[in-house]
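Shared chain: chain A. Partners: chain B in the first complex, chain C in the second.
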Partner chain A sequence: MTDIPQHPPVIRSAVYKDMFGRIAIPIIAVVAAFLVGLIAVMAMGVSLERAISAFINGAFGSAYSISASLNRSVSLALVGIGFVIAARAGLTNVGGEGQIAMGGVFATALCLAPGMAELPFGLSFIIPLVGGAIAGGVWGAIAGFLKVRAGANEVITTLLLSFIAIWLLYWSVQSENLLRQPMTSSATLPESLSIPASTQVPLLTGSYASPVTWGLPLTIVIAIAAAIILSRSVFGFNLKAIGFNPVAAARAGIAVGAGVVTALFVAGALGGLAGAVMLQGEQYSLKAGFCSNYGFDGLVVGLLARNSITGVIAGALLFGFMRSGGISMEMMASVPSALVGIIQGMIVVSIAGAAYFLDRGSAR
Partner chain B sequence: MTMELFVVFLASSIRLAVPLLFAATGEYVSERAGVVNMSVEGMMLTGAFGGALGAAMTGSPFVGLLFAVVFVLPIALLQSVLTNTLRANQVVTGIGINILVLGLTTLGYRQFFGNRSREMITGFNAWSPPLLGDLPVIGPIFHQAGLAYLAVAIIIALAWFISRTGVGVALRAAGEDPHAVAISGVPVIALRHGAVLFTGLMAALGGAFLSIAEIHTFTEGMTRGAGYLAIVAVIFGNWRIWRIVLACLLFGAATALQFQLPAIGVQLPNALLIMMPYLLALLAVAGLVGRQIAPRALAQPFWK
Partner chain C sequence: MNQGAAVQGVPAPAEKTEPQPLLTLSGVGKRFGEFSALSDIDIAFNAHQAHCLLGENGAGKSTLCNLVFGIHQPTSGVMRLEDAPYAPANPRDAMGHGVAMVHQHFSLINELPVIDNLLIGKKFGRLNRKAEAEKITALATEFGLDLAPFEIVGDLSVGQRQRIEIVKCLMQRPRLLILDEPTAVLLPEEINSLLDVCRRVAESGCAVVMVTHKLAEIARVADRVTVLRGGRAVAHSAEPSNDMDALVRAMISREGGAGDNRNFGVSALPPRNPAPHRGPRPEAMQIDNLSFVDEIGVKRLDSVTLTITEGEIVGVAGVEGNGQSELGSILAGLSRATSGRWFAAGREMTAAKPRQITAAGVGVIPEDRHLVASIGQLSLADNLQLGRMQRFARYGLIDRKDQREAASTLMQRFDVRAPDSQSAFSTLSGGNQQKAVLARELTTPNLRFLLAAHPTRGLDIGAIEAVYTFIRQAADRNTGVLLISSELDELLAVADRIVVFYRGRIIGERPASSDNRDHIGLLMSGKTP
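Coming up: the complex of A and B.
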């Protein structure tokens, strides 16, 4: 029964069709989802004008809102880039949420470590950033190790590790032995102390009126580096070979196991870095709800980008600005921000479904 | 721990396991047919919402159940069409549906319940079956909502159906070698559609149990990962129905322990107990607890 085709029939893979799929389908999906959103706003009896202006104000209305949106996009982009790197080796990293959590926990611990705040040359914030990235990386690498050693499916292990990390985060802010601030009264919140100013990621403009952090240029550099490494380096080529056919890659002398572990380490490290940047650049203290779904949204951004770093940037910007707009819509026009979730869900579902019409024409 | 406390612990373990039992056995059927539904989470949430809405509007928990099923079926159908007809990535579509449903139910909740959120919904009360419920000492264990007994009945019927009927065998084969199944003339895609819709039905019951038999109200995102835990139970149960049932009971017990341990003076971090199911499942897939054998064609779209 070896002659049964395992892949969709290769019909034709015209270039224009690919272009259409990469650009037109996401645009159509986004526009259609927004239209449905507008209809929902009307159905709720809220004035369209009010809802739209609240959304636009929240997303791009001021230097402050643009900065907040960009900071959100940075976290999504980092997770998304990591996802694309792992996907190049045929690996699906579902663990972004947990990798962010581990990054946040370790960055907090390092920021609050004795002596950290006094370190010179910006080391006071760089070391926690690096530590957070390594923590997330290790969390990702565990899944890679389990895949190589025990053949465990990384979709399952990264998801499980994610839940474990989320509860480790919860534990660390609940227990005074870990990161919880000293309980002076029964009203002391289950969160960490605020991190010292010198461990915070500096703002680009230096002003809280436009609080975009150095995370933005860092992410741009990482995106460019990732694009070059994936398309031009030996490492990128090896990942592609592993993703295409691990058995053939091994025959060709590529260290498949090491490649799998490294790919998931890098993906996890970018998630961990996102967590560290979120903590040191925006939230400044660790809380149980710290990750706020950036891991899952970042995963979606990576998935929809169909393996392209440019796609990740576009998706991260879209979702980042949508989040800000949605929050403002809830506050200013009393349209529940759940509507943004509905729009995002529709975008994901329709783009994923539309892949059929593209993949049918080419062997995935 | 006194006998009395232990019986209370067992009873609450079972009560906490029921929503998982519904959802996990439903997901078991899909996964044996080769489809992973990350959307079980969203299906349960929709079931919880539909159940609460129906029960609150009419005062009858049975109408609640009906609403739960009617609300979930379109979601299950969407998942099924995406994964089986359009061969879309199962993980992506599942997560997309979860995002969509979280938004829809939150919006629906604000629209329909609004300020009435604190009100208790008329739901199913626990019930003691004759004879079993009258047993000395262990009688209270059987004091459960009727839905719990429905779960037991469905699981027994399902175990027979999957192992003994032709359709059951074909379904399992569709998850192992769909091409062989197709060659023998069985419509693989139709089987998989059926399996996903069944998962939807079971997840609807599990979700409705949460809102109308356990908590008696709906809150935003109230399933809090129960659907993912059901998927974890399928993994930890190694895709075998009775082991999955045991996994659900074990996970229910771990949750119940959170409330029981402080009562007997044991201080253990809550997080550790909540984390336990995920940790156990991770050890299982890592091969440290027996060998895991997933259906071979799991999560792979079927192309003729």
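Coming up: the complex of A and C.
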């Protein structure tokens, strides 16, 4: 993509090595991890054929399953893009889960707000999306503010803010004063009312047989914009300078504090947007288990992408489809979907390990 | 000055029987890649003597210590300990040979009591703290070290912590004890007692090697002095208190002597050509009663007042560590004065951020080129425009072509040589890096004042000449310049007047003329004639 720098011919071999590192290693790692997964399936005594066909069916088997996989990828990609933007400024945002929760809570509140459903021009679903994004953004910006003002490490603060956000989510679905649906019987679940149809993110095809939402094109646009901003804008340049050397950046007149807060705001906002899209495009009502680990999986996607938006897209697609396949494998072939978690972990470890050896090799 | 006076209050140095060399270095050199940190060092460290290594930052003092302590290995030359070859592979090896080192940075566990810190890694099995504490206290007292074995380290002062580190070394009964700038972290009143300890350790038969750049300490403690400069030993003295003036000169002058200060680049500078001006010149920069107390409570700057008018170059001379760095850091906006105020072109900057200082027309060439002035991972073009990328923005996106052209213009104007403007900054030579920093700072919009801290450090003669030509051209265009340097000859050649820093104060001021050279040298060693 646009962020690959141009190299003079002298160091071309290094570029090849870089290409190898960026493309070949992830592929090898994924294949190896899947092989280990297959061995685990065999060890469980499940027929390989059944497991694989269940996996493939769940991931790509029908228009419905492809759509579901893509929707999952959208959430992962948004969180991953945010992670990469913050990483450009040398920041590690591990608070995706909480940012998703804040996005979901505020989007729900806005969707259920009186009069929202009647707004024209699609505002009925756009306002909750924007509101969710801002809520997530504020959640990220708090960590940025703490870092600038008190020097608090953002790894710690984003993680702890995540726990607070998740408990806020529990609280809002447990309390009728907040978002819990009115209790009509003892069987009323602790979740919000379903959001009105007009506040839902519209489906691309208009049919629930292939429920890809407009979240997908939105994410593609955001990914392209992020790649351009990071590689070509003044803002992206300043983030890069801050990430490499905050002292020199400050001395040269770059507003380091504002850069840190903004980077974490943007990262949080993308997490919040992911939450809003999940709620308004897929789940339609807020439940306690709303985040379902997308924040942490998105973080892993961002980590694996090693600072490249292209990498985020690839990783988000892979993990999105794997999640769908894993769920189907559990239902159809009674292979625990935790196996997918194991495979994801294997991929992470092998890519991180390969990167370590590759970096060490080039340092010599 | 006689010797008795020099070491007043301290047991006189051992009678000068013939000193026995304990560790000898012959032809020792150390290269780090292309950079030669030490070359051709011949030194003997004698038992029963305290040997001071004197020199400015980057002279190679720490590298020398690291070689002796086995942290680095020499790339040339040999070391001999008594009569056996000595080539420590690592600090553990060095300690096995009886060589111990007190580092500038302590390695203590603040939560544990002193005694535990001293015994860590030294004992197995049952720990009898009381008995050990008695033994260690006895040892410490022998050397005049006050030790409270059961205090928690975190509650102690820096001086007390340093004593623990010294005791830790003495417990190994070393034959050679190295102290790397031990007084840099101490309060003035703690320094004397440390120096007393050094003397006692030397008298016990140990060879003591102490790194410093403070002359007063040498007079108190040293039997021998070696002056390092640019990685070479440029002067030795076996009677330091009598040779003080020669030592100062060796430390600060480029060629080691006062006579040959004409051949280091500044002699070829074109004459000043100031812009014509009538009437009194406006102030470019004003410092009013500025003081700075660092985090351990040492007063690094003490009521400094200084005014620089437009077009004037004021040099700051002084042995390093007398407050110059702190002044530079405050004027760059990287730290804030404890009291006092300062102004750039009439606007108060005391609490300003770097961005606001730059916006007020202040250019800054920081002391540390790599950590503060530039970002090595970015390209040359990016470093030339750091902080003013907005200038090339079209709808928020950087016009790369525009930026490259502007970079090429700057590269030509300031003679920055690089394969092209997209080269990584870290691949440039030091001279070209510094010229790039100058190019950026001297093109600060509406430049009124330039702070240049050690702008020629580590540069070759050609680059030095270029740097000073640019700085003087800026002054000719009515910029006021504050030039901090440890090179007295350069200051004399470039500045209009020179103020001398000593212990955080301006101890004196002289016009920059080579007639005042000796006078300024005296001021630098703290003597007001």
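Here, the second predicted complex is superposed on the first by the 347 of 364 C-alpha atoms of A that agree within 3 Å, B and C clash if a C-alpha of one lies under 4 Å from a C-alpha of the other, contacts with A are read in each partner's own complex, and residues count from 1 in each chain.
What we mean here is this: a residue touches a chain if its C-beta (ideal position, glycine included) is under 8 Å from a C-beta of that chain, and two chains touch if they have at least 3 such contacts.
On a predicted model such as this, the values are computed, not experimentally measured, just so you know.
With both structures placed on the common chain, the touch criterion links A:Ala338 to chain B but leaves chain C unconnected.
Within the superposed three-chain model, A:Gly61 lies out of touch with both chain B and chain C [touch as defined at top]. In the superposition on chain A, A:Phe296 contacts chain B only, with no contact to chain C. Look at A:Pro202: by the touch rule set out above, it reaches neither chain B nor chain C. By the document's definition of touching, neither partner reaches A:Pro190: not chain B, not chain C. Once the two complexes are laid over each other on the shared chain, residue contacts for A:Phe235 go to chain C alone; chain B is not touched. When the shared chain is aligned, chain C comes close enough to touch A:Ala249, but chain B does not. Residue overlap on chain A between its contacts with chain B in one complex and with chain C in the other: 6, 8. Residues 6, 8, 228, 232-235, 237-238, 240-241, 244-245, 247-255 of chain A are the ones that touch chain C when the two sit in their complex.
Partner chain A is touched in their complex by these residues of chain B: 36, 78, 81-82, 85-89, 91-93, 95-104, 106-107, 110-111, 179-180, 183, 220, 225, 228, 231-232, 235, 269-272, 274-275, 278-279, 281-282, 285-287, 292, 294, 299, 303.
Across the complex, chain C meets chain A through its residues 332-334, 353-355, 358-359, 364, 366, 371-378, 382, 386-390, 392-393, 396-398, 400, 419-420, 422, 440. Taken in their complex, chain A has these residues touching chain B: 1, 4-9, 40, 44, 92, 94, 146, 149-153, 155-157, 159-161, 163-164, 167-168, 170-171, 174-175, 296, 299-300, 303, 336, 338-349, 352-353, 355-356, 359.
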